[in-house]
Amino acid sequence: MSKIYVAILGATGAVGQRFIQLLEHHPWFRVAEVVASDRSAGKPYAEAARWVLHGQPPSDVANLMVKPLDAAIESPIVLSALPGEIAKTLELELAARGHVVSSNTSSHRMAPDVPILIPDLNADHVGLVDVQRQKRGWTSGALVTMSNCTSVPLVVAMAPLVKYGIQKANVVSMQAISGAGYPGVASLDILDNVVPYIGGEEEKVEIEPRKMLGKLAGDEIALLDTVISASCNRVPVIDSHLVVASLSFEHVPSLDQIKADWERYTGHDLVRGLPSAPNPIITYTETADRPQPRRDREAGAGMTTTIGRLRPCPILDVKFVALSHNTIRGAAGGAILNAELLLAQGYVQGVGSVALAAN
Amino acid sequence: MSKIYVAILGATGAVGQRFIQLLEHHPWFRVAEVVASDRSAGKPYAEAARWVLHGQPPSDVANLMVKPLDAAIESPIVLSALPGEIAKTLELELAARGHVVSSNTSSHRMAPDVPILIPDLNADHVGLVDVQRQKRGWTSGALVTMSNCTSVPLVVAMAPLVKYGIQKANVVSMQAISGAGYPGVASLDILDNVVPYIGGEEEKVEIEPRKMLGKLAGDEIALLDTVISASCNRVPVIDSHLVVASLSFEHVPSLDQIKADWERYTGHDLVRGLPSAPNPIITYTETADRPQPRRDREAGAGMTTTIGRLRPCPILDVKFVALSHNTIRGAAGGAILNAELLLAQGYVQGVGSVALAAN
Amino acid sequence: MSKIYVAILGATGAVGQRFIQLLEHHPWFRVAEVVASDRSAGKPYAEAARWVLHGQPPSDVANLMVKPLDAAIESPIVLSALPGEIAKTLELELAARGHVVSSNTSSHRMAPDVPILIPDLNADHVGLVDVQRQKRGWTSGALVTMSNCTSVPLVVAMAPLVKYGIQKANVVSMQAISGAGYPGVASLDILDNVVPYIGGEEEKVEIEPRKMLGKLAGDEIALLDTVISASCNRVPVIDSHLVVASLSFEHVPSLDQIKADWERYTGHDLVRGLPSAPNPIITYTETADRPQPRRDREAGAGMTTTIGRLRPCPILDVKFVALSHNTIRGAAGGAILNAELLLAQGYVQGVGSVALAAN
Amino acid sequence: MSKIYVAILGATGAVGQRFIQLLEHHPWFRVAEVVASDRSAGKPYAEAARWVLHGQPPSDVANLMVKPLDAAIESPIVLSALPGEIAKTLELELAARGHVVSSNTSSHRMAPDVPILIPDLNADHVGLVDVQRQKRGWTSGALVTMSNCTSVPLVVAMAPLVKYGIQKANVVSMQAISGAGYPGVASLDILDNVVPYIGGEEEKVEIEPRKMLGKLAGDEIALLDTVISASCNRVPVIDSHLVVASLSFEHVPSLDQIKADWERYTGHDLVRGLPSAPNPIITYTETADRPQPRRDREAGAGMTTTIGRLRPCPILDVKFVALSHNTIRGAAGGAILNAELLLAQGYVQGVGSVALAAN
């Protein structure tokens, strides 16, 4: 199989750069187009982007000319890390024009016919693509979204436990600066400091997990019936979000049952074999002071969620600590996995699941 | 009034240094003796201590010869920042020998006849000194303790709200490295990192506030009937502990009532006029992203607790963020305030409350 | 004497905030006007400025309405922390209109009739104000500038040694993030990192000290005949610039002579009694690993330069480490001191040096 | 070829851990023995070592029982990261007993018959092993050392330029905390701070490069005739040492010549094909603000030195910035490369260079 072309929207930003870094040796996809704001358009990527990751941009992308936002896109798959305002209209237009759009932006996450996909947890929600095609009259186009990055460690930890009836989830996050993009957080605001507020974040964490863990019933997702309370904080950490969470259940499992559920969790069948599928999805650590951002964020190439410190909670039933890489698992890597799922499930026009089998 | 001599135990450590810094211009006390382990004993203080605060040690203390732990102490007042193991016996011996010991160590906090004093909240608990003198046969000696530093922002925020019947308190801390003393936290453990575990801390935070906010009834303190759940984390911040807390009440007050209770809180009458009394005890900030460690820890010379972000909690009733300086309000400054209270209340032999009036 | 009104230009920026903080209790000056860009104009200062220092802005300034850049200024003294482009014309216009402008901006530093004042080193350079008034036809107006912040620790260390004939000076800086203003350095660029380049900085450090340490001869300053090589680096430190310097001399002094010269250095007579005069100008520390930014930047209320580690250099003659607070001594505090000098020397119209004597 | 067993001395420390991490998938070597102080001996490695790198120790090493320092070692090759005092005698004893010891410790670096090997620069210095065997009566044993980590970026940058006659080298380092081992630098000493002193470091940097770049003549190394002046600083960076250097030459090359010399530098022939040989040895970057520790330390799997900012120096001839990973290139990776060289050159008894050819 020759590689499928993808376009990166918002290619010069922090998440855009992660897309490019993660796709450098991707077995299915190849970055063919990089799209960014007018300020960057018309320049070679290496010049337009201030590369904030390790090293330098991959040489094949470094020489791509950045296209403006209104350029005609040719790639069948579009990965979007656009700012919310622009995403609101542009992502819909691209889907309407037939592109399969895997977005990392929040704009459309709560639209009833748009799934928030974390395929290992809810690959079946991809069925909403059929709904949106029918409703919106799209033929080959599609729009799927990636979760808010802070919800990821929480929702991954919750997924194997939904069967016990999660009634309440209290979550306090300690989030990395890369979550705010580049230039993002001013160093004067965060060195020797914590900022106990991130605009709009708590609202997202209190609702998005309920959709992700909900059930696709007919034309929409029935939200999981759980009350979530979130407090979000920025800490001086480069990458990965750590959450301190406590849960209460309808049927309270033992700590050992929970650990076993986490460790055995293999996720949805449809995800097996996708190149970016996390492996394992969850690692539970018995080390007393782990997970830690700097030491656990690279687990499973940044796609594995590490959980530790499971213990009883005097108020809810149990509490624990969970960590996911925010710009890999919680952003670019997640959105790539979503595109892989769409491709594998035959949603990308002219590229059948048969073709993939030959891969 | 000429100044009263105090001895500092554990004088070379991080909290010992704060004692010395805060007492440099104290109107009542003068550091007359510095006591530390054998390794330091016999050297001038400036040579024995690796000064970790700003500048250099005050010149009068710099030249004091460090005394060994078994030296005879002459000062009537003893401020202790000893390691727990040593404090366990030595603080009792010193009290038995007639010294008034104000300790920052955890060893004796939960002893039934030893108060955990935060005088603005519970100055009347000083009455336990009479109990301990009677029980233990001490004549002029006394032992009072200072709260665990992480409990401070929580307990200060709770104190004005006890009247509503606090049923549950969930607290997640983000704690400064200075809380672990010197050398304490290795830089390799905390730069670009968070450590989601601090040995023994959660247990303290789940019980000590209940004693501090309890009622002195007869010979002991009846614990406040509140369930506390604590999760403690170390973050790369120099000074001050930030807590994210949520509370539920028997009689739920409005957000405005709570803010008013905090802002009007003047604390216990016995604290008025003490040199280190916090002024104000609480500042409530309406700035959306405050309190922040680096920007709010110096409030009220490090003795004021700053609270912000009061809002409804979907699980308990309300949630908020609170911050106190951990080595001033939460350690050395607090223990000095306790010594001031004991002096003002006539518990220091040969120094009456009358004498103080002439100050 | 009633206080003299001053206007702060660029009042909402990082240096503008330091001006306001340092003037809160100033004995001579009172902030009467705050001026900033259109984005801020028309709002109360507390709302227009994102306060990046400790605590909150002083309450009297918090309520001042921010004036636009083209507003008529009434204060006789203007302290400027404007961006270079705007300063280039506006500072001249204000001086032409009769204001005494003490600028922290680089735009006019190298103009032949504009002094770069560090009054303890070169107070006599204030004589250039007479030159500029004559040349430019200004009556009561004046324009003086403050040194680049990185040159300060170098030039302060060099000043007492000029008598030995400094031939070469090699300097490598480690500079705080606050030197780049707010938002300034992105946290993603500096956490766990060093940036070995600061645009335009090395050029300034290689020439400005030669003017500051030059001799006023007739209408202009004869540059000090010294070759300077500078390498400038940004490090993850909040405040204060550290320089590692080596010097060669025509007449090589002993290390003891140099230490004595530094410790005895009292600076120019005209500076005595000015409220912001550094006291002492230099502290030499024998502690092996000092000066350090966090522990020495507050020395002398941020106006004292701390030097340490003087030792022979195998290439030049001697090497040492020096540190000054970059936004106090190296910016706002220095520019205030310059305004004090101008006032004390009778350069502020309607406010004589006699009036000051009555202070 | 089956893998050759190696023993790691000082296996639980920071450099010891890097040895283990780097050898996890090494094509020639396998960690068979881990040796550490009495405190660790007798425990499984995973329990004895507080792992400070990413993730967890490799599982095969995790279960090895730690041996005490006086244990009989069976592996022919010994990699040593011992503290200096212990290394002084133990490394000699092991060489005398027939082991090939590749040490990262400074104890024996300046002994006349012990080479400081950076094989790409001076692989021929390995000839000193024949000298030491003859002089000391060792049969199959050998002792070679790895450079001080701070000298590495300097000496790599100097090597291709030695032909121009380097007369003087001024170097100011900004060094990572991992260079001090674990626990090493206290976080209270380095957060928001720089420590402008590292005990013993400047002396090493002023002499070791002269030996490394010297010529093996008969029984010893003739030191390179260059004067080096070093100033060493600790900065809040996890890994990699950055140096700001200036050089003067007998025959001054152009900047373009120097860049070409760096970019074309392929190092000593004997290094080709060694598994850990840096590839490339040097990368020159034209990006104005690079190299930077966090963004360039991983270059070439941590073995490549990145250089940038080459420009004229007003005092010496040229100046530039260079960066090497301190615990990979500058410690564990370098010492592994040295062991590879010794093996490839037939210095490991019973393992001929022929065997390697079959690899």
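Chains here go by letter, A, B, C and D, matching the order in which they are written, and residues are numbered from 1 within each.
As a convention for this text, a contact is a pair of C-beta atoms (placed from the backbone, for glycine too) under 8 Å apart; a residue touches a chain by one contact, two chains touch by 3 or more.
Note that this is a predicted model, so its numbers are computed, not measured.
The chains touching subunit A as well as subunit B are C, D. At the interface between subunit A and subunit C, over half of the residue numbers involved are used by both copies, so each side presents largely the same positions. Across the two interfaces under comparison, A-D and B-D, the one joined by more C-beta contacts turns out to be B-D. Each chain gets one centre point, the mean of its Cα atoms, and the points for subunit A and subunit D are 40 Å apart.
We define each chain's centre as the mean of its Cα atoms; on that basis subunit B and subunit D are separated by 48 Å. For subunit D, the set of residues touching two or more other chains reads 52, 191-192, 236-238, 294-295. Of all residues in subunit A, only 168, 170, 172, 174, 191-197, 199, 206, 227-229, 231, 233, 235-238, 242, 244, 246, 288-295, 308-309, 313-316, 319, 321 touch subunit B in the complex they form.
Put simply, subunit D touches subunit A in their complex at residues 51-55, 191-192, 238, 294-296, 298-299. Interface of subunit D with subunit B (complex): residues 14, 52, 177-178, 182-192, 236-238.
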